[in-house]
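A short worksheet on the structure shown next.
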């Protein structure tokens, strides 16, 4: 899959199609990951973002090639929307030599420096200072780029958010704080863990806060463009996306803590169904959309086959990645 | 010096006298410390709170015997206002065996568990989670007490504040966040380090914020009583005291970063002069106030003599304080 | 209760300690309703209520800092940090506050608290969810470090840690949670600092702790097949650690290998080996061997992690070198 | 420049590195206008401007976390943490992010950053402003740990650390800042991992680093007075450390004492002693001695701290035991 061009100035209709294509690819990828995990073709644990595809697609469509991002343990959607190589992605999660990170680290650490992806992260809240530092580089080196920190609502309880909001405001850094607010922090409603209001917190540092329906791809795309433009021209912005986690915290989570009502209700807000409905309104043929979905499935199926065929990483070569080899300097 | 009774229900006039007495004792103590330090009778480094006496006196007069507090590197005033033994205090700062902490730790760690003083602290921001935990004990063990965290304006940049505001609000803990806002963080105006507004931050967590002129003993005392009562009955409160640091960050600080104008202007707001004027207004004789000052000087002079005569701590005995000895269990 | 799982022993120790002492409380992320990520606190919320079993926000540094303040104010907090890797966020509270308060205050107060830290790999959790960092804490005066390997020790040493007046770092190996073993019906409280000879032997002393104990026992089995009899010592705690038992064994076997899952370089095994080399010098017939993880982060892929964690083969090989 | 102070050498290294490479920036508390608490960055704000010399808020964890993100994005940040004790607030950024990013990303990127950590006692700064925690970092794969003792090394190794593509923990002993020594007019860049024989000798090898070097040299002087000739090795760095130079020396002297200011138990000296005991076993005529601080926090009072820090007497005594 090739990397989506920054959506600036692309007419709404075709942008919506791009967004939809991206969401479908994330959906197909993670639906497949869920199966692969159940069949223990994927080691360790994985956190799926099914239901949150619109946030990934919408935020990343606002980014240009100079921009960077740091994400979380639930970062598959973000890196796919950023245009990561699907073969390398599956190889990584399946622990293969050809993985983007050579199978060193798996789902929680997928990175692609060539796309400005500073990695998913296993430490809640860690994406925020990393992106802050990347924004500092953009500003100091005048790259014209911005840095995006994806973080969840539960991560708001970490002091990192407070410290980073302050430093971003203090230095007026080109940075977007993208909060993916799915209402859950692992097995607990975040409302039982965090009493703060992100809008007010941002306001306390004089930082612009934009709240958006995180399941409406169109709305997020324009909110993200607004936040990104603000970051490029006027300093940090907070983008809070209200969204829905369809699956458990991690695959295999029985979700005893969620009632059936919620489980069934949530699918109604499915961003992909909404995107599809909107595109139909705009006169896009159902057939075209079905073809798009089929294409995403095909891309994923192909990537899985390639990954399965890929060799396992060799242990001795691994040591060479701890420190920079002399010849690489 | 004996510990001031909680000021609840004491008539304003006599409370003002108590506050004044306390401020005078802090003033006499720290003026003397400054000399002792210059004469290198005090090892290490010390941070004086001259100019901030009203905050210490006002906040501590709102505390009862069950209450606890944790303070900062600039905590002399707080522990004196809480009624710490002056001999033990001087012995500690002068590194003597009879020190409150047996000379183990000095100015930055003065503690007296019998007065609920969980220690000064060398780590900026650390007083906040410590007091939070103490408040958790008050709530869980139903002591009826509250916990006070003293912290400076520079400490607001540490994530600890954010995390603690959230947990205090979440659990509705009996806690007062007492911010001593002297405008300085070491050698820099805090305005150049921290962009947040404490009132808004507190508000983001639904926490009551009270702003007070930190150089007006009377005003602080009532604001502190209000904050303490709120903590006892309704949960956490933030008390922000705007005050003035007369001396350098530490003794010996040349303060090149401060202009003469500020240096001279600040003394005009001297809380002790203001307290004295107010008492004069209320008809207290100048002679009585002079006597009070003389008494403070005398108490301090006596304590210094006692401390000088105290032996140096013995090294071998020190090891016994690392872990709790069996017999002490 | 035969066939009790390690995690169940932890759970029972918490439950018994809370029943015995109302000042014991639990703090951690998702430990109440959810019963903890590894289910170590399952059922305790119902048993003791939300005041004593508290779900915290994701704020490791303040959770531990608050535990110190609580411990200085009459409670005995037991904190669960979900993965030892996350304790990196709480080092100030542990090292500058918990470990030093008693000393800094001239012995005025103790700091009775326990921080439970699940460490170790083997579940492909990757570089940030698998580390063994116990050596850090063993280097910090004021902290105690306990690493139970068996089901019975998981119970008895956790009881001892909770009763201990000083702050205890309690290290649980994730790979052991599901392991079943014997737990007496009325298990006792252990003694922190006393090692256990897990297997007697005469030819070489294997010194270890935590999950690596079982790789040592496996290696000892195999070696016995070739008439090499290894004595296996389970240290159970690193701070304090039972020097006497180790040196006495080396005086009999004249050979020693120290093994742990943590990275070998600058790991806890270095101190053990250095002391054997210093105080057991005249007893030694061969260099003290050390087995530990290679100097790299814990890799994710199955083909990598399986090679990374020191196994019975590695221990056997080290013993052979030691006997060569 | 004869009689250059150690802190001035640090300052010059920072200045020269910034002049040589525009991607080098400085981050820290009060390092710009105030020139740093120990004046290591004095004058650099005027020289390089506020974009490259940044006063930060009091937010250690985010300062270091941001340095990692900046290092992954084209800058070479040099962070000053005012006292090593405060790095306890930034351990996640250093251990889970900086140290592991290159590995976790399969070698896609290096993390060129330096964190300067003033450690050590001697100024009655008390338990939270005096610790030596370098052993922690030496145990973390992905980090390098440098501890210069001399004025020239302070310069040349800081230049090397800043040029190094990987994250470097740069440990400066506070007691050395005011020490004067020779600095060549055009000082070179050092090599991380190469020890220096500070004094040649034939009877015993003293292995040390940082400020303790000078206590070792003092002890060696005194011992020479009684015809005991100690070879003194300044390791200069702990990760990597120069095993070859140490073992070669021990092969000549057959005796070794490892000394540092950090707490002895589970300190860096344990690894050095364990390796000497393992790989130098046949060369050793006596147990490897270790000198380090006792197992307690750094006390405040003069009468206590003076007894706490390992001095020449302690080293001399250890050598005597080793030669007995």
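Structural remarks
In this document, chain identifiers A, B, C and D correspond to the written order of the chains, with residue numbering beginning at 1 in each.
What we mean here is this: a residue touches a chain if its C-beta (ideal position, glycine included) is under 8 Å from a C-beta of that chain, and two chains touch if they have at least 3 such contacts.
Quick caveat, the model's predicted, so the values are computed rather than measured.
Interface comparison, A-C versus B-C: the higher count of C-beta contacts falls to B-C. Among the other chains, B has the CA centre that is most remote from the centre of chain A.
Separating the centre of chain A from that of chain B, both taken as means of CA atoms, is a distance of 47 Å. Per-chain CA centroids place chain A at a distance of 36 Å from chain C. Centre-to-centre separation between chain A and chain D, using Cα means, comes to 40 Å. Those residues of chain D in touch with two or more other chains are numbered 56-57, 59, 61-62, 85-86, 89, 92, 96, 103-104, 126-128, 141-142, 295-297, 299.
Residue numbers of chain A whose C-beta contacts span two or more other chains: 99, 103-105, 109, 121-123, 157-160, 163, 166, 170, 192-194, 318, 321-322. Residues 157-163, 165-166, 169-170, 192-197, 200-201, 203-206 of chain B are the ones that touch chain A when the two sit in their complex. Those residues of chain D that touch chain B in the shared complex are 29-30, 33-34, 37, 55-59, 61-62, 85-86, 89, 123-129, 294-297, 299-304, 307-308.
Those residues of chain D lying in contact with chain A across their complex are 23, 25, 51-52, 54, 56-57, 59, 61-62, 64-75, 77, 92-93, 96-97, 101-110, 141-142, 144, 165-166. Chain contact summary for the complex, chain B toward chain D: residues 43-45, 95-96, 99, 103-106, 108-109, 121-125, 154-155, 157-159, 185-188, 192-194, 257, 312-315, 318-319, 321-322. Residues 68, 70, 99-105, 109, 111-113, 118-119, 121-123, 126, 128-141, 143, 147, 159-160, 163-164, 166-167, 170-171, 320-324, 328-329 of chain B are the ones touching chain C in the complex.
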